[in-house]
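What follows is a pair of complexes built around subunit A, which joins subunit B in one and subunit C in the other.
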Partner chain A sequence: MFLHYIDLSWRSFKRTPLVSMLMVLAIAIGIGVTMTSLSIHHMMSKDPIPQKSGVLHHLQLQTMDEGRTYWSTDDVPFQITYQDALNLQNANLPYLRSAMYKSGFSVHLNSAQQKPFVEEVRLSSRDIFAMFDLQFIYGGTWTQQQQDDIAPVAVISKSINDKLFKGENSIGKSFYLDDIRVQVVGVIEDWITPVKYYDTNNGSFDDPEKIFIPFTIGIANEVNSWGNTNGWKNEQDDTFEDLLASENLWLQFWVQLNNEQEKQEFGQYIMSYMKQQQSLGRFNREELDYNLFNVTEFMDYRGVVKHDNQIMVTLSFMFLAVCIANILSLLLAKFLRRAPEIGVRRALGASKRQVFNQHLVEVSLLGLLGGVLGIVFAQIGLWGVRTSHSAYDALANMDMTMLLAAPVIAITACIVAGLYPAWVVCRTTPAIYLKSQ
Partner chain B sequence: MSELKPIFNALCRSKVGAILLLLQIAITTAIVSNSAFIISEKIAYIEQNTGYPEQDIFKFEVMSFGESIDYMRQGELDEAAIRQMPGVVDAVMVNSVPLSGGGSASTFSLGPTGEKRKGVNASIFEADSHFLNTFGVKILEGRNFTESEVSVVEEYSQYPNIGLITKAMADELFPDGDALGKTLYQGDRPMQIIGITDVMKGPWLQSERRDRSAILPFVFAQKLTLFSVRTEPGQRAQVMQQIEQHMSSLESKRVIEGLQGLDEVKADYVAPDRLTMRMLLVMIVVLTLITALGIFGLTLFNISKRTKQIGTRRALGARKSDIIRYFLIENCLISVVGLTVGSGAAILMAQQLMKHYSISQMPLFYVLLTAVGVLLMSLLAVVGPAKRAANISPSIATRTI
Partner chain C sequence: MLTMNNINKVYQTDMVQTHALRDFNLQVDEGEFIAVTGPSGSGKTTFLNIAGMLETFTAGQYMLDGVDVGGLNDNQRADLRNQKIGFIFQGFNLIPDLNLFENIEVPLRYRGIKAAERKRRVEQRLEQVGLASRAKHLPQQLSGGQQQRVAIARALAGEPRFLLADEPTGNLDSLMARQVMELLEQINREGATIVMVTHDPELARRAPRNIQVVDGQLADFTLYQGNPAKAVGV
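Right after this comes the complex of A and B.
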């Protein structure tokens, strides 16, 4: 029966090609506009690391004196101090964790063959690769020993390995970061993520870094952060030493807590740590406070999705509503013209339900065609977005979810539009039309 | 006016079509007026006066990696060398580039830390006396600093105690207009205002501190230094082409990066806003077209349904213009109701946008203009089908009854 209905729908489509094309076009444009803004919104807001987003936690400590304010929604600073980063990194805790910050170096081989280039570098602990599921092609992370001994080692990603070492197994080879000669201990696949969720301080949609070195190297070589440094206290900050001892906030801290119990235990540890620091004259507050958000909570907290995008999504769904109203009136016109034919079918024994279903199948077919054409329109729209700025290269794309969502939304929209016309037409009383034939 | 009643009665008999059209017009009005307002806000933001001749300025970064380099000496040499280049008006080594989204900022108060005095957050530019000339910014009151007042040192202990501030910042801190010569405090560090500059935007156009900047006579060269250069009008491209080679010839252990005109720097910063603006623009154009098509289609349908009635009216003596008028009035009736509902929806929507997002209040002017536009568009969409209806021959009525 279903196939028969599809056959009928196709005949009906061919009988009024102009109106049918108009309807398909209307739904396609609606879907094109909606999917363009929805895809960008989806890429911005989707879970960037679904397998681990629940266990990776970003730590924020309320280090500021009582009464101080910060531009976060809850006055807790986004980043932490070096003292806290070091203490928590070195504490005797069983969790994977990493204090980290971003800097940059001139990368070169100290030879004339390779033109030096500037590259952003992430300084972190050895755990970052295991925590963020970064896949090694060659080698592995540096050892705890190397980290503690400030050994000049680095993990590079595939594209850097291609550039410096022509893609071969470069374990044991050396290159230079400024004047520091570092040895490659691991090569990972390029870190691809539409949202740079692990450091949202300088552009949530920047590309991840491609070179990783132990953050102990950065401290020993006085490597300044290329990210934000926020000071709130009036204190000596002339030298790098001063920075390390100060209350300046400039590092990010991530910790992997596998279950609720670990999260609670870590929370208790943080509370006791802050109490202990209070005895050293820090954390001058009545109430100690910290934030421990997982990836999705953190993205929400930092407002990764921009207001403009949310407005665009709202507007485009309203746009879709206009398209639905449009299709509804066209469908009404089309179906009512067919009333005599339906009268005959009813007289020959078709039930109301069958007539109703037949028409819903017909509108679904329109929806499917509109959805597919809508994907084409959305691709054109997204291409336009990508050409507007390189930051959208990774964002303005349709992933599988969105490709499937497009026809689903289109068919749903068409069914919504088709319900009333189908209902009207299925109530056709056979007698009138039989008489006039 | 006696025509209104039969038209209204006829409408009542085919309510659904009219209601659908009304809804389309209402939603279109709500979307278009709000979008138009957001677009105009974005254009104002993108096109705002930054105070700089952006077309003649460019910036680049020098990243050194030779341990033996004396950054300070090298920085001064670089500056002197760039200023010598043909086509260059002036050049300066600066801690941050305006409009770039990267820089430093601090709170400047009327008193030192202990005193609870009024303070504002402002961007900080650190450079030598060539800053104003390089960026083409005029001084309104007081004077620029002299070469001897600039601290070229590698430590912050000799941080300068004089500076220039923008007019906007001066007006905010000293509403009486007597800022010149007064002292501001960055923490406990005093800074005497020796000059007040014309409009110049800071590094963050979106921040509330965009109009507040302080310029301090301080040069602190590090391994990563920023240069800004202003050229003679029309010569920028040529100078930009030569700059990398020129800088590398001065010292080989360095990488020249981020070579960009100031207009491009700004374009990058406002890219998301420009994108939103363009998307909205496309959206309202397509939306208007779709609504117009909808009206067009519905009127055609109505006419074909009423062919006999129209023929009868014509046979009974109605002129062509009467038929056209009938459809125009019918459309007007629907449009006016739709526009009224739509205007209400537009205002409600604007309130919601204002509440949830950082959007300012939409002036009613936008709703009004959109309403007039939509009305005109809907009338235009009806004229064609109405003319066609007028051409229906009276004989139709007599042929099939």
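Right after this comes the complex of A and C.
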């Protein structure tokens, strides 16, 4: 019977093509607008590293003196000091971890043949690649020895390798970051993530960096951060040395804790570390505090998906509701025009439920067609967003979930719109129409 | 086969209460061919709609083939209608988007009959009404008489025990009307029970039993053929 209902629905569509197309267009516009905002919201809020989001943890330390406040929801600063980053990076702990910050350089080959370009660079520990599942094409990460010895080495991503070395295996080749000559030890696939969750301080939706060098090189060469630096204490900060010795907050710290026990042990270590630092005159507060959030907790904590975006999604669904209201009135008119035929069908043995189901299948078909056309509209909308805001390049896209969701939402919306008209038409008294036809 | 005892049908509006049927009693036996006559507005069509379970009645008892119709819900009435009753309408009431084959197939689909069996029955009925070669035609491509023959084929497709015809020749010229009437008589001879509402005294006279509805009551009956005792009236 279902296939028969589809056949009847298609005939009905062809019988009133203008009205039917109007309804499909209405739902398609509604779905197009809704899916555009919903897709962006979905990409913003989706787990950027589902296989590891539960084990990667971002560390925050409450370094500020008693009575000092910070603009986070719990007063704990988002970033940490160089002193803490260095101590925790060098501590004798069994966990993968990385202090890190963002900087930037003029990248060149010291050759007239190649035009220099400015590129953001991430300075980190060698563990960053294993922690964040970055895939090597050539070579591998730098060694602990190279990191400790401040060896001028770098890992570059595929697109940089293509740009500098025409995609060849560049292991052992050198290039320049400003005046620092670095040797390539590894080439990774480009780091593609819709959300730059590992550093939300400087644009949560910026592109990930494509060049990675040891954190120690940055310190040795006095490479300043290109990210935010937050100071809360009145202290000397004229030189890079001052910065390193200060309580300024400018580094991120990530640690991989594979289970609850590791998380508890690391937490205990942090508490004892802060107590030990208190004896050195730091962490001047009664109650020591820290945050150790996993990726999804951290994204929630930082409010990566802005309230504005949620309002946008709500508004787009309200627009869809307006489209549904329009479709409802068109469906009501269309179905009631068909009441005489329904009268005949009822006389020939169709139950109210069968008539109701037939009309629900018809509205579902309209929803399906509207959903498919809505995907096309949404793609145009997303293209518009990408074109006008380059920061949304990775976000303004529909993944498979959204592609499948579009027709489901469209069909559901049409069924909602069609419930009342279908109910009205199935309740018509057949006898009225049989004589008048 | 069909028994109505003291059936009443009242249409109620804010201002007016209209008795369409009042203490209506009738018994129809299997194999009968009854013509129902009466002036316009007398309640003929209301009687036919109640007999076909297209309308409910206000009071009384209606038994169809041993089933008390008054106790059935909408789905049960639809099932019973589909299995026991075939309708023939004055305006043919063919579905314009469906070809002849598909129109005749409609009641069979609602009964859940498999495709092969549907095909067999539809072809048989098309053959019976002499339109087998027009199976793929749309209703509007046929004459009025041909359309009514399709409607009769559709009414017969489900092999109902009871045919209800509301002015089946009302929209046809005399030649076509006679052809349709001959077809109904043939169907009756083959065993179907037929109740036909008509304004045409000529056609009514051809039915073995006549009943007349006046002011919602079975006012009189006239029997032209057969046994007068079969009719139960006022």
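In this section, the second predicted complex is superposed on the first by the 434 of 437 C-alpha atoms of A that agree within 3 Å, B and C clash if a C-alpha of one lies under 4 Å from a C-alpha of the other, contacts with A are read in each partner's own complex, and residues count from 1 in each chain.
Basically, contacts are C-beta pairs under 8 Å (C-beta built on N, C-alpha and C of every residue); 3 or more make two chains touch, one makes a residue touch a chain.
All values derive from a computational prediction rather than experimental measurement.
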item	value
Superposed partners subunit B and subunit C on subunit A - clash or fit	fit
Between subunit B and subunit C, more extensive residue contact with subunit A	B
Partner chain in contact with A:L434 - subunit B first, subunit C second, else both or neither	second
Contacts of A:R181 with subunit B and subunit C, given as first, second, both or neither	neither
Touched partner set for A:K275, first subunit B, second subunit C, both or neither	neither
Which of subunit B and subunit C A:H4 touches, first, second, both or neither	second
First (subunit B), second (subunit C), both or neither touched by A:G349	second
Distance in angstrom between the closest Cα atoms of subunit C and subunit B, superposition on A	13
Overlapping contact positions on subunit A, where the subunit C interface meets the subunit B interface	none
Subunit A residues touching subunit C - in the complex, by the definition given at the top	1, 4, 11-12, 15, 340-341, 343-354, 429-431, 434-437
For the subunit C and subunit A complex, residues of the former touching the latter	45, 49, 52, 54-55, 74-75, 78-79, 81-83, 87, 89-91, 93, 95, 97, 106-107, 109-112, 154, 158, 166
Subunit A residues within the subunit B interface of the complex	19, 22, 26, 29-30, 33, 36-37, 104-106, 108, 116-118, 176, 178-179, 202, 224, 234, 237-239, 306-308, 310-312, 315-316, 318-319, 321-323, 325-326, 328-330, 332-333, 381, 384-385, 388-389, 391-392, 420
Subunit B - residues contacting subunit A, complex	16-17, 20-21, 23-24, 27-28, 30-31, 34-35, 38, 61, 63-67, 102, 113, 155-157, 187-188, 222-224, 254-255, 257, 268, 271-276, 278-280, 282-283, 286-287, 290-291, 293-294, 297-298, 301, 353, 356-359
